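Presented below is the structure to which this report refers.
Labels run A, B, C and D following the written order; every chain starts at residue 1.
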Amino acid sequence: MKIHEYQAKELFKKFGMPIPDGKVTNNPEEVGKIAHEIGKPVMVKAQVHVGGRGKAGGIKFAHNAHEAWEHAKAILGMDIKHCTVKKVLITEAVDIDTEAYIGIIVDRAAKMPVIMVSPEGGVDIEEVAAKTPERIMKLHVDPMLGLQNFQAMKLARFVYEDIGIARKAARVIMQLYMTFMHVDASLAEVNPLITTPDGKVLAIDAKINIDDNGLYRRPEIEAMRDLDEEDPSETEAKNADLSFVKLDGSIGCIVNGAGLAMATMDTVKHFGAEPANFLDIGGSSNPDKVINAMRIILRDPNVKVILFNIFGGITRCDDVANGIVAAVKDFKPPVPIVVRLTGTNEDEGRKILEEINLAATSSMEDVVKKAIELAAA
Amino acid sequence: MAIFLSRKNKVIVQGITGRDGSFHTQQMVDYGTQVVGGVTPGKGGETVHGVPVFESVEDAVKSTYADTSVIFVPPKFSVDAIYEAVDAGIKLVVCITEGVPAIDMLKVYHYVQSHGARLIGPNCPGIISPGLSKVGIMPAQIHRKGKVGVVSRSGTLTYEVVFALTNKKIGQSTVIGIGGDPIIGTNFIDCIDAFNKDKMTDGIVLIGEIGGTDEEEAAKYIKKNVKKPVVAFIAGRTAPPGKRMGHAGAIISGGTGTAEDKIKALNAVGIPVADLPAQVADLMAEKLGTAKKKKKSAKKTKKSSK
Amino acid sequence: MKIHEYQAKELFKKFGMPIPDGKVTNNPEEVGKIAHEIGKPVMVKAQVHVGGRGKAGGIKFAHNAHEAWEHAKAILGMDIKHCTVKKVLITEAVDIDTEAYIGIIVDRAAKMPVIMVSPEGGVDIEEVAAKTPERIMKLHVDPMLGLQNFQAMKLARFVYEDIGIARKAARVIMQLYMTFMHVDASLAEVNPLITTPDGKVLAIDAKINIDDNGLYRRPEIEAMRDLDEEDPSETEAKNADLSFVKLDGSIGCIVNGAGLAMATMDTVKHFGAEPANFLDIGGSSNPDKVINAMRIILRDPNVKVILFNIFGGITRCDDVANGIVAAVKDFKPPVPIVVRLTGTNEDEGRKILEEINLAATSSMEDVVKKAIELAAA
Amino acid sequence: MAIFLSRKNKVIVQGITGRDGSFHTQQMVDYGTQVVGGVTPGKGGETVHGVPVFESVEDAVKSTYADTSVIFVPPKFSVDAIYEAVDAGIKLVVCITEGVPAIDMLKVYHYVQSHGARLIGPNCPGIISPGLSKVGIMPAQIHRKGKVGVVSRSGTLTYEVVFALTNKKIGQSTVIGIGGDPIIGTNFIDCIDAFNKDKMTDGIVLIGEIGGTDEEEAAKYIKKNVKKPVVAFIAGRTAPPGKRMGHAGAIISGGTGTAEDKIKALNAVGIPVADLPAQVADLMAEKLGTAKKKKKSAKKTKKSSK
């Protein structure tokens, strides 16, 4: 799950990280008041779940409250990479002496959190990694022991000459680690971590991605979910316990299992068409899931055909067939349906589908070809 | 022969009285797996499909000498279940549960390692050595005893590939679903290494997907260590970046983990990657055919050189 | 450091442990009000840093507010094992079905926390350990991993048949462990942990001892120190950074090093006298420490002689000698002083002592014998 | 020969620029210890008594190949200092610092163990192998090279005993203060085992005190494994229960850890316990005299039996 910069900053602040004062709003009329309260020049920052806000004009400096209000009016409603800006963060603008990068992700191969720091802050860290890898220091943390201060100091000293600044930065790195572990993050980064001319260390940008699997025990993080930023059909799918990702093609796909669902999309593409979505109904055989899946896919006007690819294991083919029949009877889909059934209770499934004159094939390739044919018709 | 799982494994089911636990206990018993017990606190003394239920893994191990466990408990309890199994001396833990937080798995991984045990999963279909034993949720009937090892990050996609192999009469020594999460107990390389050493495995099928760099690491490893034929399939060529495709681990992030990268890395070390799942069977048939011929001609050469 | 039952309960409560309502006071006139607020029969419990309160009459049941007030009047000011009761805890009296014991200490040999539980609650656990050890289950916790739920369940199941009760007790054991680790405890126990006829699990008594070494980072625990419960001379010594324990003999001992200080006491006893105290001035040579040490020891009217036993290492004999001279000049001690000096700057030390006509010996046994002789004179 | 510490150990001082660190660096250098570096973050590049200061243990080890570290930093930083030392590959860590929380030491202990290093202390005077090297704060001049190993939970009390030994011309192979805290890195048994295996150690002095059961464990161990003469002293016969006698570990609690128990346990396995510190020297002289005679007569017997 993605959260906004202002939310990430709230979390970091809880763990003691130094963050400039700021406030979020969706109302340009409030911006002046907020800027006035801060009483200094401010930054007006678009809050959207995509990168590249700065380049898109979503981050502006304002000398005073009036300027801040003008910027906010321009930014709110702006489209950044297909996302509409609905909130802005007004935050104290600070003098910047140096900009550094600090971030943590889980290293899947080493099975450890890995902390990365670089004196090249405020730019894309992947670019730094590609062009000047020697400007990045990586450090793995023993998850049993946790980050130790000497390690944080080692990272901080890579970035800062000054021992006093390094000590402050080491503390921030410890706080970054604590936050990362405590909120079930999959990524936590501060870019840039800045120093001011008077020797302060501040996190002026913040990003945290959350591991969805941890949300069950972090209701305060789950509450940060911003439905405005998510595709409504994806939200609906999530509520119906379906894994769904919206795409741009015309072949609606309903599959059991994530790997098979991806392979189905790939097969559609292989035979020259485009999938309309990724959809995994999961391991359970609940006919309701099938009905919900069809409903969600049919919201998309691009969808020309619905393709079922079911390899029965735990999922029983007859349950899926029952779901298809119920859905067809319920809302009479305006597009053709093609079905592949193999595995557990395959024969029972076929029999059930006869009721609505649907003939299921048993080959994945055949069903994809047929779907493409029907979509083109 | 097979890897990790043979007829000898004595299996307990953690969460045996739950819906999935109970159903798959029956399935495993029917397949011939030695299911010697189950665990559900508060239900010790009951039986499920004739299998005795214990209060704890410790109790179960003491009574049954179990060495293997399969976990069906909800994510909230599954980490505890893994620790309990390993603490009680279980050497092979298969965690079916989906939804375990990655940060918990970091500790779990190192704990399991330091105790000399093996964890498969979480979020996996389990492991089957066709004709010998099955510890997991895969449909048994699509498998066929044979000499190809299959290792996969997926569930149903694995069935699809196995189904194609079986249809071509290419049997399997062992089929392992290692799981779709970012942090898993057993990786491609662990399985490939075991298949490579297994005398009854002649070829290896690797089924990968987007996310992480496990396939790339596997390619490097194979180049260095494996002479047996390997063929692969990678799911997610059409997956958009930044989106989690069902599996927690299936996500292209920061430009890494794309299907293209993985296919390139595999091809670079001579591993053909099928365009469609069923083609894996054709590629393997071809490789095995060639390998057989090579072997034969090698034998001939040897003979003639005498 | 010892803390009171009511303070231990506050800590346990922070970690979610179920504790009956209660309030502490040093004023008997407030007791009626507290009991009235609770609105049920209450227990009136003496808050002192010694065990055996119950047997001494320091714990009483009261049917109503008036009875509670009467009990409180009797208990406040009561002497329990040389401790005057200065506070009482008024707590809801609950119906007890079963009483169990749960406790944690650090196992010095295994280097792990060890949790002990027993269905024999409300009695002295050491007695249970001695008489019926099979009624105690011990479980070591891997400090890297922490207590896992299955372990807490194992302990709880040893005590409780009922699975529902066991689940609740397992949660309490987890909370006990969390508290233990989080407050730097050296002991944390609930005795008894009770069940009520309606199936509740409650901690109705609580004890936590704190590792003094952890106090620097637990100011909220340090704030729980009750100076009323500590010997004033020990408090004074603590403030002067001295390790001091008051005893009943007549030979005042000032030593550098804890082991040597104990050995000095033992030597006094060996030659037939009794030490007045344990006192370790520590490794530093600060003359102020010597002055403070003498001042504290001289508070005790039993002291007939002051014995210095100094083996110079980091501690320099001349520094100690300077301290002795300064103290003698400052408050002219009414008792004789004998000194043993060996090690670093021994000769310089002797020379300094000549100023006040003190001859230092170099043998520990000699100095002890001389001290005893002078005390008897 | 000696145990744990020889002329070869290359020592760094963590906290070298502090008051104690600097003073004892000089003392150790004077004694002939190979002090190759010191560590104080922010002071890298300076020197202390001619010893180069580094930013981190890692830097120091890279430049000096140090294998030993002695820690003089305040309790708040000493746990981090131990981790840093072990992480950088230091194999012998001596922690002088007093006041380290016991709960931190639990993790430290297991970390050090699992990394194959040895920790002495915390809250200890250190270790000296007279004539070879000294890593700690003990006054060097009271020691004498020889063949008695001394292991102790105390500081100055150890000096008292060593002083008495030296006055009787009984030299020491190695003297180790293991520290007065409840959780320490090296126990009596570790030292006794090493002394027992050390060919240049003929007898062992054990200086214990109230608290814990380390002396009792040592007695059991000695009975089973040690043939060399052992004599002991136990401090705290007059200590009241429930009071911490200076050392965090010196406390009689729950009826265990009394001097009486320890003396009884030692006597029971034939180890004499001196009433007064200086008597240790007499007891050891006696034991060594007897041992020598036994050895001689054993030789004779051997010869005559030829």
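The definition used in the following text is that a contact is a pair of C-beta atoms (placed from the backbone, for glycine too) under 8 Å apart; a residue touches a chain by one contact, two chains touch by 3 or more.
This is a predicted model, so every value here is computed, not measured.
> Can you tell me which chain lies farthest from chain D, using the average of the Cα atoms as each chain's centre?
Greatest centre separation from chain D goes to chain A.
> Looking at A-B and B-C, which one has the bigger number of contacting C-beta pairs?
Result: the pair with more contacts is A-B.
> Please compute the C-alpha centroid of chain A, do the same for chain B, then give the distance between them in whole Å.
28
> Measuring centre to centre with CA averages, how many angstrom lie between chain B and chain D?
For chain B versus chain D, the centre distance works out to 51 Å.
> Could you put a whole-Å number on the gap between the CA centroids of chain A and chain D?
56
> Touching two or more other chains, which residues of chain C qualify?
144-145
> Which chain B residues reach two or more other chains?
If we look for residues of chain B contacting two or more partner chains, we find 107, 111.
> If every chain is a node and each touching pair gets an edge, what shape is that graph: line, ring, star, complete or other?
other
> If you go through all the chains, which pairs of them touch?
All chain pairs meeting the touch criterion are A-B, A-C, A-D, B-C, C-D.
> Residue numbers of chain A touching chain C in their complex, please.
Chain A residues touching chain C: 144-145.
> Note which residues of chain C are touching chain D in the complex, please.
Against chain D, chain C makes touches at 106, 108-109, 111-113, 126, 142-144, 181, 184-187, 211-214, 216-217, 243, 245, 247, 255-263, 265-270, 274-275, 278, 280, 283, 311-315, 342-344, 363-365.
> Would you tell me which residues of chain A are touching chain D in their complex?
Contacts found on chain A: 145, 148-151, 153-154, 157, 163, 166-167.
> Could you list, by residue number, the parts of chain D that touch chain C in their complex?
It comes out as residues 20, 23, 75-76, 98-103, 105-107, 109-111, 125, 137-139, 142, 152-160, 163, 180-183, 187, 207, 209-210, 212-214, 217, 233, 235-240, 243-250, 253-255, 259, 275-278.
> Can you list the chain B residues touching chain C in their complex?
Residues of chain B touching chain C: 41-42, 55-58, 77, 80-81, 83-84, 87, 107, 111.
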